[in-house]
Amino acid sequence: MTTVLVVNVNTTQAVTDVIAAAARSGVSATTRIVALTPRFGPASVESNYESHLSAVGVLDAVQGFDGEFDAVVHAGFGEVGREALQDVLTVPVVDITEAAAHTACLLGRSFGVVTSLDRTTPAIGDRLLLAGLAGRCAGIRSVDLPVLDLEANPEVTVKAFVEQARRLVEEDGAEVVCLGCAGMAGVHEAVAAALDVPVVDGVAAAARLAESLVGLGLSTSKARSYAPPRAKDVRGWPLRGGEAG
Amino acid sequence: MTTVLVVNVNTTQAVTDVIAAAARSGVSATTRIVALTPRFGPASVESNYESHLSAVGVLDAVQGFDGEFDAVVHAGFGEVGREALQDVLTVPVVDITEAAAHTACLLGRSFGVVTSLDRTTPAIGDRLLLAGLAGRCAGIRSVDLPVLDLEANPEVTVKAFVEQARRLVEEDGAEVVCLGCAGMAGVHEAVAAALDVPVVDGVAAAARLAESLVGLGLSTSKARSYAPPRAKDVRGWPLRGGEAG
Amino acid sequence: MTTVLVVNVNTTQAVTDVIAAAARSGVSATTRIVALTPRFGPASVESNYESHLSAVGVLDAVQGFDGEFDAVVHAGFGEVGREALQDVLTVPVVDITEAAAHTACLLGRSFGVVTSLDRTTPAIGDRLLLAGLAGRCAGIRSVDLPVLDLEANPEVTVKAFVEQARRLVEEDGAEVVCLGCAGMAGVHEAVAAALDVPVVDGVAAAARLAESLVGLGLSTSKARSYAPPRAKDVRGWPLRGGEAG
Amino acid sequence: MTTVLVVNVNTTQAVTDVIAAAARSGVSATTRIVALTPRFGPASVESNYESHLSAVGVLDAVQGFDGEFDAVVHAGFGEVGREALQDVLTVPVVDITEAAAHTACLLGRSFGVVTSLDRTTPAIGDRLLLAGLAGRCAGIRSVDLPVLDLEANPEVTVKAFVEQARRLVEEDGAEVVCLGCAGMAGVHEAVAAALDVPVVDGVAAAARLAESLVGLGLSTSKARSYAPPRAKDVRGWPLRGGEAG
Amino acid sequence: MTTVLVVNVNTTQAVTDVIAAAARSGVSATTRIVALTPRFGPASVESNYESHLSAVGVLDAVQGFDGEFDAVVHAGFGEVGREALQDVLTVPVVDITEAAAHTACLLGRSFGVVTSLDRTTPAIGDRLLLAGLAGRCAGIRSVDLPVLDLEANPEVTVKAFVEQARRLVEEDGAEVVCLGCAGMAGVHEAVAAALDVPVVDGVAAAARLAESLVGLGLSTSKARSYAPPRAKDVRGWPLRGGEAG
Amino acid sequence: MTTVLVVNVNTTQAVTDVIAAAARSGVSATTRIVALTPRFGPASVESNYESHLSAVGVLDAVQGFDGEFDAVVHAGFGEVGREALQDVLTVPVVDITEAAAHTACLLGRSFGVVTSLDRTTPAIGDRLLLAGLAGRCAGIRSVDLPVLDLEANPEVTVKAFVEQARRLVEEDGAEVVCLGCAGMAGVHEAVAAALDVPVVDGVAAAARLAESLVGLGLSTSKARSYAPPRAKDVRGWPLRGGEAG
């Protein structure tokens, strides 16, 4: 039995539930998904400010988890923080932005991303640039709806995602579409039904890649970038993460 | 039960056997590996000329396979031909060069490749460039030994691979090492034992990624690059592939 | 007297004839053009699958040519196979995709390409990326007509090419237009007449560059990428190429 | 009177003092430097983990500052967090990594960076890549000494920095050297004295650029990437930053 | 008192006057701006030909200046010649194209440029490419009006600049706008008023950066690219520059 | 009869003579080479300063040439000025730096450049970057000898060039060597004899490419970058070029 922790970046339990279901849909029957919600942080993550707050909330959630686990999925599309987890863990860590992009690269020559708010598209672009995959990305489009409004009017949401996905394929030349937002129930099916291209859900893909790395016996290199932090004083840190540094 | 065809690019059965074992080591118990050897083509593939011949040998082997399968692994490190398979198949196709690189990107900030002959390093570089992953590659080094000599003197081979892998890590800054050659039994263990970095075997990684794509219900986009070829005359083609175009 | 072999990638003699005329239009009076049609392979090359089949057809045609020659032109726009020829030949080999692009770079700051089917544009992009010239390419557009239909309705063909070339110049900023398809009689003149930019025919350019390399006493480097293949068994190969490996 | 807040990323007051002095050395007499030390966080920042913790410590320090200010300098070389400050502030924010690189670009064709620990060089590379300046960077070298040991043995430190700077110039082709570490008193003078190239201190450069942006009447664009975060619940956040989101 | 020479690239005094005012608006009260007009050369610089003529006119103006100065601003947007000044001077030299781009990078994730004639946009692109900042540039647009006509009908000019700036922000994703033309009084204010993004005037930014480099005690590296020219014969040179080589 | 003007960038007639011979060695018997020496300018061009002076000397020489010509070769390796000639001429203009690189790309996967002074290597890199060919360049090395000393001690010169060319091939992976300096009699033969790779002389290659463009009926695009300069006042210009602007 492989256990994969899937960590939401916001503090909204309903989003965590959708993420958990997506992760479960991606893995084998022998893999257990444990979905975590940070104890603190913003209700949704839609800015650089919130992204940086969420990074410590995610760290706190993982470092406070009481149990064994074999891999971690960082379920923030475009969010920072994956590297911090890699430093302090010995199990593999998979970011959903990168998982979606790597998976899409196996399916088509170029991929596009549809996300929620327009203002988050630059951060997604930054993550892809750092991942070295920006050259395969045909475009990043948004429906320009806040994350927590997506569930409020599902019909509008679905229609907007389908429309932007269509433009990625028809105008930008994307051959695969990545859904750039965790926690959008129903959108995946609708986009896949409307367009004749593969649609990649980052959470499902990341959970599967995490399971795969465990199966291959591979984990994060500790050679340089992600070596364990040196033992040192962490002064006045009010969060759990402070003790573990 | 998922069936993954793993196709050797050369016509040497002993290499196919090693590839099959590597692929089996990478997949779940519920996945069946079927390893194919082309009916014709070079005994080893170490040049652009042989690479292009092997592409049709691989096509012929897959098109002539009498049975059901869920995914294909193209087991030529640096070889051409993955795109051709994607055109004619509806199941996912994974190339071992790209599988190794994508997997390595999940494990460290940069990776290096060790391969057999020096003259094949440019072709590997080309595959990584087309895959958009050249920016994450810290170096491609070779032991400069012909593929079919690798097994002849295993001690020399292993020592040479360890030495080049060490230089990738210490001189080039690679944090992960990819073995850039299918069919090198024992090398993986030796390099992993000698160096404190993850070592990725392309065949095992590709087989696992192929299984994962099947599990995720994803396959090659037919939107543009890999659309099925239009029906047309193929004149005088002496190979099986000719009938299927 | 310099002899340049110009090899069509498809098996349609009418296309070979047009290619031969284009090549002749590009070279000096003292250069002889010999145009070859592969003995086998697809009637037109419009997919990765067909491109890989054509590569061995082209190899077979050149290796089976009974006569002396000083250079070879690989006349497939966007097709693979140039590198394989370079391995087995000592005379220079020029690919028409690259010839068009290099020539265009001498004439303007950026160039565009108009080709036949939309699905072939990614492969052209890949060839330009490998050639290092993607940065100078302002766009690749297609008329989205099958190669063998181009001659059927010349007026429609010419109009479509002119329209896409105009968009390359006016919308994409191309200063030079490359015709990305061998064997389109009349199109060159029409586009050049309609637009006030240089129009480069890849076949004519490649034939001239091949002649120029011969005149400069230069040929393919055998230092690494294109070294002759090592002597080895080629098993069960039904084509002429097999004996020469 | 212009006031520039200069925020240390670690919680070591002695480092803040050195940073403050460096900042003062860079600005006009009419600019006031106020140096802040985060209330919590690691004593030194030398890993991705610590970098992400420091980002919220820096946010907390700035958001808790009781007074007027015209610009902020984020004084972590290679650290994350600049974007988060830009979201929540209307005054300009300058990161010392980027300030050093932009300044160096005005002085020579390529620059190099010398930093403390080897493991921090990839993070510096990432910051330069996101800044679009990686192409001007000839190399990033380290003395491989922990930040807090640098002051312990100043002679060793200075000698090590001079040696690595010399290699940047002589082996890597750097024409300008950036000191990739805040808080190294004496190093700047020593390197500048030993080598005949400009030596850029990131803190001084950033303070001067911050002052310059104020003088030019320019501040962060709020058009997209750095728009103010939308008002929303921040649950259970134990830090000051929580209230301001 | 710091003295900054600001050199117009054309021979039109009215343009020099506007440039001088822009430079003065950017610097501290303690910095003196001296604006120079070349003795010879074109009345406006709008082609590569004129750009190369202007380079020697600028050299002549600076080398003929009778007085002390601490820095030089090369006030040609997209023009060549900055490197030549750096060779022969020991004080820092700042080009307005690069100054605008570097400054814009501190204010937003991507910037756009609006310039006068369409035909000058490629040269601006070349300068940004050489500066390593092309990746941060979202677009270069022109109003397609000749430089010397800009003042003739200020209302038309302003409206055209605002329109193109708006398209940079709304269509191209620019978060900051650079005015790509020296000597356009009134345009800066109008664009800044119409759009809610920072607007960077290259002359003001360059003058401020020049002052800043002086304040930081930094000047051009003489290590390689900009080493002083070796003493040698300059034959028959009719310009002042000839004596100083 | 095709006439190609080959313009030296320096004012040393002996260098012009060597250049003329190299050009003649590259072209057909039916092409006439006319070699020009500028009336003024530096005796050798080894800095950005001299490069910019030479650009107007070259313009003056071409504009003052009394006769018909079909193409122009700009014979400065790494020098600026090609674009200025393209603006004012309707015949094709070929730069030797670019001609060498384009030719080398047809011969091997990567090329290297050997030039005279180390300080000129950055300018060569800039020309290759603008040409879009930097990605194919494995290295630029220098013998670090002044241009006019190269002929003084031919044995030392030849030995130094061979040594650097060997390092390009063996250490940098170059498969083709370009001689990055006009006017080095004997070096070409020596390097070609010592190393088993193609050696490209930029002058011969450029002359041949110029002849080829004429033969193909192609010339510079006037669509945008190289449109003729608008008629305007050129004030006080003491050179011939002034009248023609």
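So that you can tell them apart, the chains are marked A, B, C, D, E and F in the order they are listed, and the count of residues begins at 1 in each.
Convention: a contact is a pair of C-beta atoms (placed from the backbone, for glycine too) under 8 Å apart; a residue touches a chain by one contact, two chains touch by 3 or more.
This structure is a prediction, so every number in the text was calculated from the model and none was measured.
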{"item": "Chain at maximum distance from subunit F, centres defined as averaged CA atoms", "value": "A"}
{"item": "Fitted rotation between subunit B and its twin subunit C in degrees, CA, nearest 5", "value": "180"}
{"item": "Whole-Å gap between the CA centroids of subunit A and subunit B", "value": "28"}
{"item": "CA centroid of subunit C to CA centroid of subunit D, Å", "value": "52"}
{"item": "Where subunit C and subunit E are represented by their mean Cα positions, the distance between them in whole Å", "value": "44"}
{"item": "Multi-chain contact residues (two or more partners), subunit E", "value": "109, 122, 224-226"}
{"item": "Parts of subunit C lying in touch with subunit B, wherever the complex brings them together", "value": "11, 39-44, 46-53, 55-56, 59, 80-81, 83-84, 86-88, 118-119, 121-123, 126, 129-130, 146, 148, 224-230, 232-239, 241-242, 245"}
{"item": "Interface residues, subunit A side, partner subunit B - complex", "value": "26-28, 30, 92, 94, 98-99, 102-103, 105-109, 131-136, 169, 173, 175-176, 196-198, 200, 204-205, 208-209, 211-213, 215-216, 218-226"}
